[in-house]
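In the two complexes below, chain A is the common chain; its partner is chain B in one and chain C in the other.
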Partner chain A sequence: MANTTHTTIPTVPEVARRRAGRGGGARRPVTGPSGRARRVPRSLQGWLYAAPTAVMVLIFFVVPILLVVQMSVSDWSLFAGNRGLNAPDNFVDASQHRLLWPAVTFTLKYTVITTLILLGVALGLALVVQESTRWKNGLRTAILVPSALGLASASLLFYALYSPQSSPINPALAALGVVDRPVSFLGTPDSALWSTVFLIVWRFAGFYMLLLMVGLQGISGDVYEAARIDGANRRQIFARITLPLLRPSIALCTILCVTGSLLAFDQFFILTKGGPDNSTVTIVQLVYNMAFAGQNHLGLAAALSVMVLVALLALNALQFRGLRGRED
Partner chain B sequence: MTERSTGVQALARTPYYVLTGGLAILFLFPLVWAAVASVSPQGGTAQTDGWGFGNYETLATFQAGIGRYLLNSTVVSLLAVLFTVSISMLGGYAFARFRFPGKNVLFMITLAILMVPYATLLIPLYVLLNALGLQNSLLGLALVLTMFQLPFATFMMRISFEAVPRELEEAALVDGCGTFRALVQVLVPAVKPGLITVGLFAFLAAWNDFIAPLILISDSSKVPLPLAVANLRGQVMGIVDYGATEAGVVVLALPCVVLFLLLQRHYVRGFMSGALKG
Partner chain C sequence: MRSIARPGVRRAMAGIATAALLVGGVAACGGGDGGDPAEGDGGDDTAASPEGVDDGTTLTLWTRAPLEAQANLLVEAYNATHENQVELTITPNDDYVARVGAAAGSSDLPDLFAADIVYVPNWTEQGLFSDITDRISSLPFADDINQGHVEAGTYEDSQYVLPFVLDLSVMFYNKDLYREAGLDPEQGPTTLQEFKEHALAIQALEKPGVYGSFFGGNCGGCGVFTWFPMVWASGEEVMNEDGTESYLASDAAQEVYAVWRELNEADALYPGAAEETGATWTAGFQEGNVGVMPYPATLLATASETVDVGVSGIPGVDGGVATFIGGDGIGISKDSEATDQAWNFLAWLMSEEAQVEVLAQNGDVVARTDLVDNEYSQADPRVVTVNEVAGDPNSRTPFARNFQQAFNATDSPWLTLFRNAIFGDGGSVEEDNEAITEVLSQ
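For the complex of A and B:
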């Protein structure tokens, strides 16, 4: 995957060792007590080093994937456990759930808004702090500090920041004469959505800025120089050079941001609890509610999460194909 | 002459400094506000008049006490760091330096963890941990969090080992070291930046994780800190104690911000080199 020279072109000793194979270091004299280790064939040694990874991946990833598929076709409740197959009841019930389509619509709306604003802001910030001066390094640090917080901590912070009792925002706005009566940040469906988007932009702008800065640094200064000599102005340079050459980084950010937003949970669970009136229930929240809050129906939740998995894989395959198509 | 022109330049750039300075304040404001609000007087909290640590006292005596939750979070985070660093170190070595049947399949499956939604895995994991007798346990939670870290950690360690010149390891092997001794004595010092990055990411992820303990831990005395602070909000007769919430956020954020500032240079560089190679 990376640094292919090391994996594809074996060095001379590597070839020698491979030829030696099970013979155990016939080419090289065994010296000292550690010769014991060399009698183990090299491929077996590789497996031994990879074994902990393999065990973890098998128990905590492969088995759960198989289990979730089994659960999705079973009558499986939180407390009573597995009560046998009932396919395709769970899938039918999940797709007819009264909150499913509102949740899908809301999640998609949230994803589009968040991705557009977040990447726009991150790109702007990356362009501003790109060069390394003392002032810009400080600026970069200030923008990156929120990324150190957990999403749950950040949501709790904004929960207090938006609250009618402790919020400093409303008094400030009133003092400036911007508003007559206090703004309710989480009270209406729209304000709850935008307040959450603001929280997410605050928390993640630094992270995506960093990713885009990596892309910007990959653009050679010569290209800019050539454009400037040809008389291109700033806007032309941005539109014709920076944006096209930054496309791989922007694509990576888009995939990460879209996937992350589609699976949003913490921020809404803490800030809005899905309210007001279930207007901010996301798909993952619906999965959680089906399994652990109220319905306690693990089979139903498993069916919905399998549907989410399939949809996400399809979407990612599409995004990757779109990416590759453009690069060709 | 030059002095004067730089002065004029600086003056011309004043709007720029005001604008970008405002930007920095915008990003820092919520954090500073939380810290200040947690010790300032406010109605409906434990700190009603004068400045002080009343909110932190509420936090200290909430249910099992903040000490308990801090301990839970610390245990889970340290276990996750230990598991992630040791497993990805051995795995990265295997993927970078050995050929063995199933190598590419195992590597692809490890990376595929990234493609699967958190919630899709947590529902079967809830059932699986019960079956393994690891329900409600910090060890089970740490193992699950380690699994979520493996794609990034394994990838990072693989490229770290691949970047080490092969000659370094060959020399050790010719000198009669086994591969394990070569790993410990020669390679580990060389991949230390990668190990620190992997460990830092694992710590931050485990310390901050919310949905995994929400689903996997039901015993309220075993929950880690983020969940405890979230629970704290609705506990006191349905009235939210925002002061205690602010104090909780400060306790949660402080180690992360300090770690970030300490390791910032390293974090940003490690991240950039990793991203570039990917």
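For the complex of A and C:
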């Protein structure tokens, strides 16, 4: 789930806008020069071009969302199906669920930790890969390889690595004399959280490094040269040149990472199942549990999904606004 | 929580009403569909022979991964001797409910599907199975079929489910380790205290990688399967008869938690007990690294490949034995269009041929009391032990409508209870028990 959200955020307008800005100054309006003369056929043509996408969006996005909204206001059980409207019971029940606030808190905590670490590591890697010349290609590949692995497969791999029964880590640590008792990677709330964060950083650092590298390469060498002639040192160059000019890329990465982390599911579903003691239940996992593990209440799960959707839309709108404000 | 209790009750009532309507509605649809004319509700049972129809139909059958070995053996044996062919689909344990639920919603259930027996009451009530009351009573040995399973699948005096594979929990112990520790390899623990002593004795060998015992400490279903019998064997119950009130703070239950707590504190548990979610809880014993632990009897053949396994009943506080009569029940789905053919499989499944020549030969427990003494079970004293335990009056198939939510779910209050009791401060059992009752009584 996190995977899809990591890749479906529309980056195209972003890129297009930036390109337009670089090429021809502040050429804001998108309407072409000939648009005024043949407006009707042109707009019809436009609709035709957009139609295939629109149909796909309608079938695979709008219709399912409407279905979820319908579920959220209905007494809809997994086995018995729709048993009629009951609004707003599901929303009331969902907001009173005993695990809702722990899940919200944990998801936010996880999101903040993941985003900070992941972006920090990715930026560091991007700078390293950018600077070093000799090992550049090998390094890039090595860092990117985990991104080629599905998140579920990666989680299973780490499940084996963390498992007390099959883990090669504990015997290795014991042989080195680092620990005298086996480390329990998933046994306590904190260790489970950090073990999962480690997996996610390993899995996604390469992807975000790539995004940031594109941003870095977009910064003209002239600016650096000018800064160096002015006598700026490395730290100053990084703080005054690289970071400000990299802002759009960082903002994009932040949006992707925040959205992806708020919707975290696979990794926790496979590694911890929300345990120990419900300490790692994320919001999406709560949705899953309501629907399939116990209550089997699709209506309740849909109500929570709708609430999450609204919250995410608001958050993304805020983020995009902040991003746009900065660019202007 | 208080404010939602009322809608909850209303919803439950509506659920029961709808389920009843659904069952009726589906049966009526069968005739009206214009498909097989023999499919209507009434004509169905009178026209069909007790053996059903074997005409080369392809039947679909779903089950979950823990019973893969038995399911494969049964399906192979059936396909080899019948015109009908069964296509088996196995789903990982954790995904099975979601899969069945999705199929039920879109009327895509297979002809036959098995269900963890603890979910059967709920699924039956929701109308996922077809009524097979008359067909079951047409079997000459109907009264000998395992009653725990049949009762779990009985709703409003109609029967929907037969036992597919019985899975019992028994105490497994490693005979080699028992010999090394100076314990009697022919005698497993007969009380909870003995179980603890045996585990500690094996721990005291201080063999690298070898531990006294193990349990799935983050796995509600494992706790249900292996610890409920300890309570039953002590002569107490885990729930009231309707499955709406939890008794898991009783003296016997507290004694069970205390024993495991001691084993945990003595570091006599195979590593990872606290985080074991159930995926690998049987692995340590199978590797020969665990001395004695409650274990599923269905894995006797598998475990015996690597370990010299001894079997005894799961003991209570002061002796006695009991087992959790678990496993899967199987029924014909509400969506099946080949009910007579599907019944042919079920009728064969109950036959001596399937029970003895397939299941018993594999070292499994038979689902018919009149076949308990058969040539295979007599050849292996361990299977005799398992069968004896299964027949013990203390053995049960627990019944509760909200079983999954209360016990098996990853966020179940039962999991909270025993984790607090074993790994926590141990002082919240009463309170946590009330949380279970709250879910059970919804």
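Following the convention adopted for this analysis, the second predicted complex is superposed on the first by the 268 of 328 C-alpha atoms of A that agree within 3 Å, B and C clash if a C-alpha of one lies under 4 Å from a C-alpha of the other, contacts with A are read in each partner's own complex, and residues count from 1 in each chain.
Throughout what follows, contacts are C-beta pairs under 8 Å (C-beta built on N, C-alpha and C of every residue); 3 or more make two chains touch, one makes a residue touch a chain.
Every value quoted in this text rests on a predicted model; they were computed, and no experiment measured them.
Of the two partner chains, neither chain B nor chain C is touched by A:Ala264.
By the touch criterion defined above, A:Leu300 lies against neither chain B nor chain C after alignment on the C-alpha atoms of chain A.
With both complexes placed on chain A, chain A has more residues touched by B than by the other of chain B and chain C. Contacts of A:Leu119 after superposition: neither chain B nor chain C is touched.
By the touch criterion defined above, A:Val68 reaches chain B but does not reach chain C. After overlaying the two complexes on the shared chain, residue contacts for A:Ser163 are found with chain B and with chain C alike. By the touch criterion defined above, A:Phe292 reaches both chain B and chain C. In the superposition on chain A, contact of A:Cys253 is made with neither chain B nor chain C. Once the two complexes are overlaid on the shared chain, A:Ile200 sits clear of chain B and of chain C alike.
Of the two partner chains, chain C is the only one that A:Gly274 touches; chain B does not reach it.
Residues common to the contacts of chain A with chain B and with chain C across the two structures: 163, 165, 291-292. Interface residues of chain B facing chain A in the complex, by the touch rule stated above, are 17, 20, 23-24, 27-28, 30-31, 33-34, 37, 42-44, 83, 86-88, 90-91, 93-103, 106-107, 109-110, 112-113, 115-121, 123-128, 143-144, 146-147, 150, 154-155, 158-159, 162-163, 166-167, 170, 173-181, 204, 207-211, 214-215, 226-227, 229-230, 233, 240, 242-243, 245-246, 248-249, 252-253, 256-257, 259-261, 264, 268, 271-272, 275-278. Chain C meets chain A in the complex at residues 1, 3-4, 7, 11, 14-15, 18-19, 22, 97-98, 100-102, 104-105, 122-123, 126-128, 218, 270-272, 274-275, 277, 280, 283-284, 402, 404-406, 408-412, 415-416, 419.
Within the complex formed with chain C, the chain A residues making contact are 75, 77-81, 83, 86, 89, 92-93, 96, 98-99, 163-165, 182, 184, 186-187, 192, 272-278, 281, 289, 291-296. Of all residues in chain A, those touching chain B in their complex are 1-3, 6-7, 11, 13-14, 18, 28, 30-32, 34-38, 42-54, 56-57, 59-65, 67-68, 71, 76, 125, 128, 135, 138-139, 141-153, 156-161, 163, 165-166, 168, 202, 205-206, 210-211, 213-214, 217-218, 263, 265-266, 269-270, 284, 287-288, 291-292, 298, 301-302, 305-306, 308-309, 312-313, 316.
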